[in-house]
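Down below is the structure, laid out as structure tokens.
Here the chain labels run A, B, C, D, E and F in written order, and each chain numbers its own residues starting at 1.
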Amino acid sequence: MGVVVRNIERAQASVIERLAACGVATVHEAQGRTGLLASHMRPIYRGARIAGSAVTISAPPGDNWMIHVAIEQLQAGDILILAPTSPCEDGYFGDLLATSALARGCRGLVIDAGVRDVSDLTAMRFPVWSKAIFAQGTVKETLGSVNVPVVCAGALVHPGDVIVADDDGVCVVRRETAGEIADKAEARVAAEDEKRTRMAAGELGLDIYKMREKLAAKGLKYI
Amino acid sequence: MGVVVRNIERAQASVIERLAACGVATVHEAQGRTGLLASHMRPIYRGARIAGSAVTISAPPGDNWMIHVAIEQLQAGDILILAPTSPCEDGYFGDLLATSALARGCRGLVIDAGVRDVSDLTAMRFPVWSKAIFAQGTVKETLGSVNVPVVCAGALVHPGDVIVADDDGVCVVRRETAGEIADKAEARVAAEDEKRTRMAAGELGLDIYKMREKLAAKGLKYI
Amino acid sequence: MGVVVRNIERAQASVIERLAACGVATVHEAQGRTGLLASHMRPIYRGARIAGSAVTISAPPGDNWMIHVAIEQLQAGDILILAPTSPCEDGYFGDLLATSALARGCRGLVIDAGVRDVSDLTAMRFPVWSKAIFAQGTVKETLGSVNVPVVCAGALVHPGDVIVADDDGVCVVRRETAGEIADKAEARVAAEDEKRTRMAAGELGLDIYKMREKLAAKGLKYI
Amino acid sequence: MGVVVRNIERAQASVIERLAACGVATVHEAQGRTGLLASHMRPIYRGARIAGSAVTISAPPGDNWMIHVAIEQLQAGDILILAPTSPCEDGYFGDLLATSALARGCRGLVIDAGVRDVSDLTAMRFPVWSKAIFAQGTVKETLGSVNVPVVCAGALVHPGDVIVADDDGVCVVRRETAGEIADKAEARVAAEDEKRTRMAAGELGLDIYKMREKLAAKGLKYI
Amino acid sequence: MGVVVRNIERAQASVIERLAACGVATVHEAQGRTGLLASHMRPIYRGARIAGSAVTISAPPGDNWMIHVAIEQLQAGDILILAPTSPCEDGYFGDLLATSALARGCRGLVIDAGVRDVSDLTAMRFPVWSKAIFAQGTVKETLGSVNVPVVCAGALVHPGDVIVADDDGVCVVRRETAGEIADKAEARVAAEDEKRTRMAAGELGLDIYKMREKLAAKGLKYI
Amino acid sequence: MGVVVRNIERAQASVIERLAACGVATVHEAQGRTGLLASHMRPIYRGARIAGSAVTISAPPGDNWMIHVAIEQLQAGDILILAPTSPCEDGYFGDLLATSALARGCRGLVIDAGVRDVSDLTAMRFPVWSKAIFAQGTVKETLGSVNVPVVCAGALVHPGDVIVADDDGVCVVRRETAGEIADKAEARVAAEDEKRTRMAAGELGLDIYKMREKLAAKGLKYI
């Protein structure tokens, strides 16, 4: 506790954009169904789809001091990721902090706790994925850390990892493999486009994926 | 497990339309406050109001194989109902399956588990009522059954029963009594219209329903 | 149980308007972070921001009889607050009761239970903050009380207290201190406006709030 | 609502005893992993293992009137099963009702709601599986039904079905198949005894179940 | 925040003992089914039945500083009641604090948060009713208050109120009415003893409470 | 997925024993309040206190195949740690697997999912910390991995890390720092012994920890 890592490596901007374009569900599949945050992480408004580099925050329950510290570490294109050290749904973040984060080019916040001022945040188009919407205030008394590895909503996040977030939730991609995952995700998108066309035309998944034999072998009975 | 019933009986299309028009709350009242699914079943977007014939799916946790099997059994106007065999919030269903289901005339999905690609499903206006929005992928390894009776979110559903779903949630009406329930529901709508007019004019429920005497008899005291 | 208090004192209309303008998060801060209802109290639609005088209802689980009694006690500008005597998510309130409440000038409902007909309520712009959306019906068999103190979603509410509600949730302000809290809340709004301008210009909270020394004194290390 | 079915068929006493001896986990496996109540149904004390014929109760939230009605329908060896018509955790049942039920030979209670007087019930060795322990009282105002089919904690229960309950939870067996399931369950017990001996001697499941080839075929890699 | 009230009034010791003897369920009934804490408040071990005077604590999330302050205010026969200012399950209290509280004659702790060292607390027979068992540590940085009114697990508690707690949960009795409630609770115990005897002899609640006519009038049908 | 790491490093047996003796709450404090699993991880019976080396399992929802694979990797003194790849409460583990694990010297199981046969496991004194007790069966169809890093109930666990578990929950200690943490934990135990003696004699934490000045400086008022 009480550590701020100033220099973190980030993935290439172009790779990050490609991951954003693919979306959470596809990226999650592309990396072998890993890296997904828990389903309680919901967006405060619908329609945002972002990706960015993780600036991580480990914060005590009900204490948002470290967010101020983290904002100084932000670079344009970053996303704040906050994991409380014990379960908490207090409103760590509101429109003032969002104003400050936006001024540094921050793309959004992912917080396994609460957020407030959601009307303002929505009007500002500052996207947040959170566990709760809750006006409960916080204090500034106890240190946490910035840019250390954290477990957020069940997923391990290293500073500089790529965060992808949309209406389906939030997924983390290791910085080291981001390019490879972007390749795989784009390949999935292409493959899905072809299947979507066939399905829209009425072809069945049973036939496209050649499932009938395997189903029969397992013993499926039609009556 | 491992059974697909091909031929199920469905309610009359006209009866189904009448139930859709009445909406969940009224239909639920009309059939004696039975048939309602649990309140955790929420629509992925607001404003859909549908009714249709249930094509039921009993599926293992984290395994969406049977959805492919069920889609082949769909007729125009049907609704897919999926109950996992143990609690699960994985994303069994996304935009590809929705494309396939739509191509067969499916009106929507009710799933006591998770769904993903909700931005796409919203854009397609394919309504889903689910327990969770979660990008978590599923496998295709274990058989379930299609068109067998299932308990979904606490309600017993037989294949061919009428599913009514709107912003208030989901209600199931037994196929055999659907016509009778539609009659009762429409009578309620008519009765409510008259009361709504009186209440809008300032008349009190206390007087419209003649409650004052019964309240006094129970001992209500004004101070 | 079984008591209706007819005459309650209310805060000044102008004070109530000022509190509404400040919003839940600011009012909650202004009164020392007290009075907030639990985070499970969510609005049925986004964008409403109201304040009004509490007409309180203590009701048995699954019994909405007392809402009819309470509506007679409403004055223009009031808000209904319902606390069930044991946990319940049944749909106590729908569009008929909303019509009746609106006819008496009611501004909204706060209910630690369920609500139904949410499409209609949304179309009517009758705002509700609730624990659940659930079509489950209720009975009218057992007495409760109106305009007695209640604990609603963890907060103590006296009849005539000021309820402030918006997208962030619900906060209660004691009637006796409402003017003083409005003053403090408006002072906070003014102070925040100045900080927002500085933050938008890129100044950091670390500097605006002069946190760097205190952080160093606590032992924060930059590496 | 408002119906009491007096004459229900019950399974053979000897079959019921055999199912009790096998226990919940084995019986659940023996009938193809169906019939299990949700995991929130927990015993008020550890160590009870019972089976009996279901006398079912459908009751309104917070209203225990029908339990008195159901007790009159009890025969020696029966188990009371209560499903509320909407979610509720009130304490429907305490030591007085247990005394009355015991006087009629009742073996226990399964209730998807609350129970109270658990110290007394434990001292009496009257086993209960419930969703909650809660002293909250109930009223006697609204009718429910006795000995109709109910969905209890997600499982469909017909009157006269066999209920098996132990520290692992609660399972329901259809009366018509109880004998057949008892045969299968006992066969499982015998097979497990043999495996247990081999495992206790250090033999691995990998070898006993011949899993190594299938694992390798699926691609498992040892590194 | 930041207030300690030194002198609080307490109920008579003899009244407190009488309430303890009656137990939570009976006391709750005797005061009109009010004062019960939520069902998530569970004892760390079974078998304790206590009553005592409330020394209340309002504490920030994850900060147990005020418990030290409160212990100084304890008199023999008191019970500590802690309500966090926002939801928290951290372990505020362990065996050291229990040792200190016991040294001052404290009878137990009721905490709408977490507790730790439960093996030691059980061995010491220091009873605790809590929301969670969790080893998570707390800090000592932010003030709260001692002996102010708090809402704990949904119930309003004034300092000096009588807390009754047993395996069924926790109930609060206003100090001013404690004697009257003790009278009513003892009357209930006596009445229940008589009914228990009759029920044990096989008489039915239907007859003891003369319910048959009212059930028939409501429309109950035996088939 | 689909990887088994055969050779993992383990901490010294003597260090592991020392950590077990200190217990979860103390170890968690000694390593700066990190490494604790979420509070939903509860023991199936009270009184077990163990420590051992983690053999980790990443398993699909509802599929316990990998437990068989993991058991072969067990050495005497190990503890199995299972994290499902998505939330699941199925009963992955029962008395047969416990028999097999015990035969290899396994000390217990920590599973962020369900367990069954808890009566037998209790009789065998095979301790388990789990999210649920649930008889629901699992399949053996899909690969997972053994001895890879996992996030279990919110905590990152590497194979070979030391798991400490008792009635307070479960804590993980990195293998590399286990000796150092054991030193710190034992120092805490010694310090606590001295404080316990003073507190038992009636001395207050306010004085032992010299809190009075700091409280006054923060503004605490006695009235």
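Quick note on the criterion: a contact is a pair of C-beta atoms (placed from the backbone, for glycine too) under 8 Å apart; a residue touches a chain by one contact, two chains touch by 3 or more.
Computed from a prediction, not measured in an experiment: that's the story for all the values here.
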Common contacts of chain D and chain F? B, E
After a C-alpha superposition of chain B on chain E, what does the rotation angle come to, in degrees rounded to the nearest 5? 180
Which of these, B-D, C-E or E-F, gives back the D-F interface, meaning over half of its contact pairs coincide by residue number? E-F
Suppose you list every residue number at the chain B-chain D interface; are over half of them used by both chains (same) or under half (different)? same
What is the distance in Å between the mean C-alpha positions of chain A and chain D? 42
Note: chain C sits from chain B at a C-alpha centroid distance in Å of 31
Going by the touch rule set out above, which residues of chain D reach two or more other chains? 33, 36, 39, 85-87, 89, 134, 136, 142
Every pair of chains that touch: which are they? A-B, A-C, A-E, A-F, B-C, B-D, B-F, C-D, C-E, D-E, D-F, E-F
Residues of chain F touching chain D in the complex: 2-6, 65, 68-69, 71-72, 89, 91, 94-97, 99-100, 102-104, 114, 116-119, 122, 132-137, 140, 142-143
So in the complex, which bits of chain D are touching chain B? 1, 32-34, 36, 38-39, 85-87, 149, 151, 154-156
Hey, which residues of chain C end up touching chain D in the complex? 60-63, 85-90, 134, 136, 139, 141-142
Mind pulling up the chain C residues that touch chain A in the complex? 23-25, 28-29, 33, 36, 39, 42, 46-47, 49, 166-169, 171, 192, 195-196, 199-202, 204-206, 209, 211, 215, 218-223
